[in-house]
Amino acid sequence: MQPDSAMFIFLNALIVNNFVLASFLGICPFLGVSGRLNTAWSMGMATSLVMIISSVCAYFINELLVAMDLEFLRLICYIAVIASTVQLVEMAMKKFSPALFRALGIFLPLITTNCAILGLALFQTFRDYSFTQSLAYSLGAGGGFTLAIMLMAGLRERLALANVPSVSQGAAMSLMLGGVLSLAFMGFAGLGG
Amino acid sequence: MSEAMQVKKALAPASSFKLVRTLGIVATLSGVLVVSVYDFTQPFIAANKDAMMAKAVFEVVPGVVIRKNFVLTPDGLVPDNGKADGAKVLAGYDAEGKLKGIAAEAAAPGYADVIRLLYGYDPECQCITGINVLQSTETPGLGDKIYKDAAFLANFEALDARLNAKGDALAHPIVTVKHGTKASPWQIDAISGATVSSKAVGKALNDSAQTLLPRLANEWEKLR
Amino acid sequence: MSSDLNPQKPITMDTFMRGVWTENPVFVMLLGMCPVLAVTNSVANALAMGLATTFVLIGSGTLVSLLRRAIPKEVRIATYIVIIATFVTIVDYAIQAISLEIYKSLGAFIQLIVVNCMILGRAESYASRHRISKTVVNGLGTGVGFTLALLCIGVVRELLGAGTLLGFQVFGEGFQPWVVMILPPGGFFVLGAWLLLFAWLKERSAARATATEGKEVVHAA
Amino acid sequence: MSQPPLRVELRTSPHLRTTLTVETIMRNVVYALLPLCAFAVYQFGISALALILVVTLSCLGTEALFSRASGKGNTLSDYSATITGLLLALTLPPGFPLWMGAVAGFIAIALGKVLFGGLGFNVFNPALVGRAFVQAAFPVAITTWTPPFAPGRFVEFIPSTLALPFMQPPEVKSWIDGLGLDGYTGATPLALQKFEGVTSSAIDLFTGMAAGSLGETSALLILLCGGYLAARRMMNWRIPVAMLGGAWVTAALLHWANPGHPDPWFVLFSGGLLFGAMFMATDMVATPVTPLGVWVYGIFMGFLTVIIRVFGGLPEGVMYAILLGNAAAPLIEHITQPRIYGARKRKVES
Amino acid sequence: MALLSFLRKATFSHGIHPPENKDTSDMAIKRLPFAPRVVVPLSQHFGAPAVALVKPGQEVVRGEPIARAEGFLSVPMHAPVTGVVESVGLMASARGPKVPSIVIKTHAAASQRVLWGAPRDVGDMDAEAIILAIQDTGMVGLGGAGFPTHVKLSVPKKYTIDTLVVNGCECEPYLTTDHRMMVEYPQDLIAGIHIAMKAVGAGRALIGIEDNKPDAARALRGCIPQGAPIDVVEVETKYPQGSEKLLIKTLLGREVPSGGYPYEIGVVVQNVATLAQLAQLLPESQGLIERVVTISGPGVKKPGNYLVPLGTPLRFVLEQVGFSGDASQLILGGPMMGNSVASLDVPVTKTVSGILVMSQGKEERGAGKVHPCIRCGKCLEACPVNLNPSQLGRLAAKREYKMMEERFHLNDCFECGCCSYVCPSNIPLVQYFRIAKSVNRERAA
């Protein structure tokens, strides 16, 4: 596979260099919202949605800024545009699909300003991705985030019923789980090469 | 600045005059700060980038003093003005302005992630004259030998990259072979224990050279 | 609520130490986990990241504190974000100007300081309510706390993972590095191990406390 | 009323139970592993013996340390730490430095088991957590293979075995060359296939005359020992069947689509697939419990193994496939809850 | 699989094969002498307790009603012996707490023939009359929970019953009472089947017998009149084949809906002993005053199947059969479902099918160490209703009782104990589930 093919970019963000476990983006929700499977799923879906939106937004803002020689405003614009777009999506969702809103709505504001989203936008800019590449990247990242948080939630739901020593309860345990997951994902190294 | 203002308006739908004014002030303040820092740092950053590039190019095309940037567009090679689309090609000259060689980027997926490298090509000897790994997250102790192992780097001191008679491809594709079995000048001797990374280097070079060199065949004059 | 939140109180040691120790943003509050894990694979990166974050904390805190009476409630968060983004952009350019090497190894994580909830949190809950001098001291404390935490992780990772500190060989030639430590899993493991250590120390001192209490009761009786 | 003349116990039903207890199961797993250990020692000599002992003792020591610290009393008697140690040792290369083996044993028990609450609560296979850790920590040492049946193997250690703690092991290449074994390349059958397209003879793979980790080389012995456990119902036979089947079918499809990919039988008998499927994928603690889930889990791991082997950067993928299988186990279990007797078609409104 | 099922016996999926230990299966039913004093609890079965009709000092004759039913979901009691009522008050019972009971002092010299009742022609009675008559006999299910037989036979109008399933499985280890009933009273059983079929309007009857009792099947087949719609089906010997839900699945392939009753799918299940007894009592208008009990276990000197007057205290029973002193456990019923009791003053009641005296053996659940669940999945493979006892057990250990009910179908567990039996970690699973259910019930109340 060519390293700039959309498929490679997708697989890379999904498993080979998993967005969370190898690239370290979106760690806070990965640790914080992974207690239950169903919330993790909603979080994953909401994040994927916002990722696709912000990837597209970021692509066009960047084109615009480059054209106008205003690259130094990139960061400020990204964060502002992403935040407001998500707000709009939230409003639209509330109006047109209340069921979806109930499932994902509360997660949207939480997500807007987390580093998974901005990180996606920044990385795609740093790597000069084209529109298709950006889209593939955002899909891979969203999928990778959902995959990681679902695996984590499954494990943590199981461990909720275990006799975990008091010392290792809480964040320490989640980090160690993340570490072992990250070790396991090293098995995908070189996939597609 | 105008986008920034609009953006901020979008953030605060209840836009009374005071809100807009405050935001305006803050935005202006930030704008001024950012712009002045940008202006102040720009020369340093440019110098840094230049120094880095110079070092990289010097490693792959020895003896370079002057560099010029070109872009290989579908219509041929044009000087890089920041607008043309296509593969970037760096031409390197010695102090007298004589073309020493070109440098181009190549990439292939390695063991951990994509390996990006810069390689030099000398039209005189029709060979690759060196590589410089720009980006790699290969495993320390194994894959990082592709830029640390002198024996491996020696492969690229004069790696045969001649075009075939028709001029549409390399006469011999560049291949990575098992450690200790290198027999021809277009082969790369793999690092034992890091075959994957070594092969990625070979693949990156071959992919890039196969597409770039035939298209440059008629452009050398422009570079000289 | 603790006394320090009272805006009238003078600056005390606690204003500073709170961020360093009792409310350490990494070990206690678990904020800004991504940079903590991503850039601690070497001490140099950890230090650069810590200093950059501290700078943004102080800079944005100062500005927020300065403008605290002028900023209307409705656009509070938006304003903070713009201010923070401004300082992050400044730091970003500054690092590029100082060293491209460090810039490359930190990657996008410098710019990601924007979304570090610790900074927004400080702006929202501290800077917007306190005068500049206090904000600066508090921001410095939080920044130092963050930097120290990054160093704690970075030192272990670099020392074990490469046998070096700030690039200097520590263990001598034949040392076998534990490569895993500078790979992504190492980040999780080392931070996890620190948290385990703190939890264990806390539990042990709690156990000691109850044990001595128990003894006293016995003596009294 | 008068007191009952008997001292009887009051319990609730059922008053019967099987004789198959945790201790019996674990003890028999140890028995089943001993022939493999013996063969490893026969093949690789005293280095193998030393490695097995050090790793197992490290596991037992760690278990004892933590169970004492947490006031659980003696948990060595359930044999599970012994199994972890033996299995971990059997997945390491013969010349693996002893001190690294001790690290692996410590990590296996501490990170893989104690952290989660000990026996029954670990979510990953402890032995593989230990191995994955040392594989990521010491990638060179763990991919350095030495030949079986070296002439002086019962009197001389492989030089890397005795590396000083925290120090790099010496190069073994010159030592191997000095053995004068013809045509030995320092590569396992899998690496030969993957990087050089050389397929090893099936009979060598089957009887264990090839290089590789301590326990993985003899397919015949693995099948016998695993078969014993399966026959005594101490191991869930569905898991190896599903995993090997999944791997075979995946490999066969790939081979059919592109004959350059390895032959499915080679895939089945090379590397640690057989060993992993028999002894490590079957660690019930980290598998789904649902009957359907067990099949899904096995097939998933078989599939992953082949994908990693064929398309990944590593010649071997069994360990990662099993760890990923463990990670996915709760999700698999979640979607394969059995349909209960008398489940109503539609939700009853209540 | 489909092909193989021709070769296999009819059966349900999952279940277990505990050692059978049915050493008493060849021993003919023997009558036990009368105890000097019998204790008749007013509540010894499912439903409302009966109301005493007698006062202390009153003379009663064997078979005379001594307590009347209280409402429809209740049955009357009859005097098991001729004697004098000594007291009506709280007495020890197998369930633990003391319950209101009638104590009768047996007249040692009196004839113990049944003196009550009058013959009548059952063939003339319609379904309703039969059901009323059955209530008067005081019959409850002798196979399991002791549910009043007449209630079970009064099927709500909106359901039609096509099949009467007769449960002759007796899947519990040790117990052989149903076995002996089938071998010794096949005619009575067939007669009982006819009565029950008439009561519920069923067109046919299926007798399910485990294939470890070929003699019982033979005896019954020999008694079925030519052309009668009654069939004997031999089913696999496997616990809990005798559970009505599973027997229905085995014989008819139908499943009783979760939370529902067999009549919803056109089936009524009765135990063989229940029906045989019914056929003995109904034509004489008599009441249930004795039952067959298997007395066995390693601690018993003279094991066998005994006809025991209801109310006989365990102490008397055990004295009669002789038992060794090192007994570790006394079980009323079978070892899988029965209750263990600590007092020898407990009387035999309508639901006691066996008395087992166990001594410390390795098969017993006992001192063995309890480990955490190792997720071997054996309990899932054993659970006949396809629950996930492993998960339920983990939830129970963390007191997540609500979750057990809502997501893991706790209420579909019928407490067969298969999961506890197979668990290598020795986890008291079904015991947990009982607690969970009762906590949930209390919380709901």
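For reference, chains read A, B, C, D and E in written order, and residue numbers begin at 1 within each chain.
Going forward, contacts are C-beta pairs under 8 Å (C-beta built on N, C-alpha and C of every residue); 3 or more make two chains touch, one makes a residue touch a chain.
Please read all numbers here as calculations on a predicted model, not as lab measurements.
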| item | value |
| --- | --- |
| Shared interface partners, meaning chains that touch chain B and chain D | A, C |
| Nearest-to-centre chain - CA centroid comparison | D |
| Most distant chain from chain A by Cα centroid | E |
| Relative to chain C, chain with the most remote C-alpha centre | E |
| Distance from the mean Cα position of chain D to that of chain A, given in whole angstrom | 33 |
| Chain centre separation (chain A, chain E; CA means) in Å | 60 |
| Averaged-CA centre spacing for the pair chain E and chain B, given as whole angstrom | 85 |
| CA centroid of chain C to CA centroid of chain D, Å | 40 |
| Residues of chain A touching at least two other chains | 72, 76, 80, 83, 162-163, 168, 173, 176, 180, 183, 186, 189-190, 192-193 |
| Numbers and ranges of chain C residues touching at least 2 other chains | 78, 82, 85-86, 89, 93, 179-180, 183, 185, 189 |
| Of all residues in chain D, the ones touching two or more other chains | 111, 117-118, 120-121, 133, 136, 139, 313 |
| Every chain pair meeting the contact rule | A-B, A-C, A-D, A-E, B-C, B-D, C-D, D-E |
| Residues on chain B engaged by chain D in the complex (per definition of touch) | 110-112, 139, 141-142, 178, 192-193, 195-196 |
| Residues of chain D defined as touching chain C within the complex | 100, 111, 133, 136-139, 141, 163-164, 166-169 |
| Of chain D, residues touching chain B in the complex | 139-140, 143-144, 186, 195-196, 313 |
| Of all residues in chain A, those that touch chain C in their complex | 21-28, 31, 72, 75-76, 79-80, 83, 113-115, 117-119, 122-123, 126, 166-168, 170-173, 175-176, 178-180, 182-183, 186 |
| Chain E to chain A touching residues, read off their complex | 372, 394-395, 397-398, 400 |
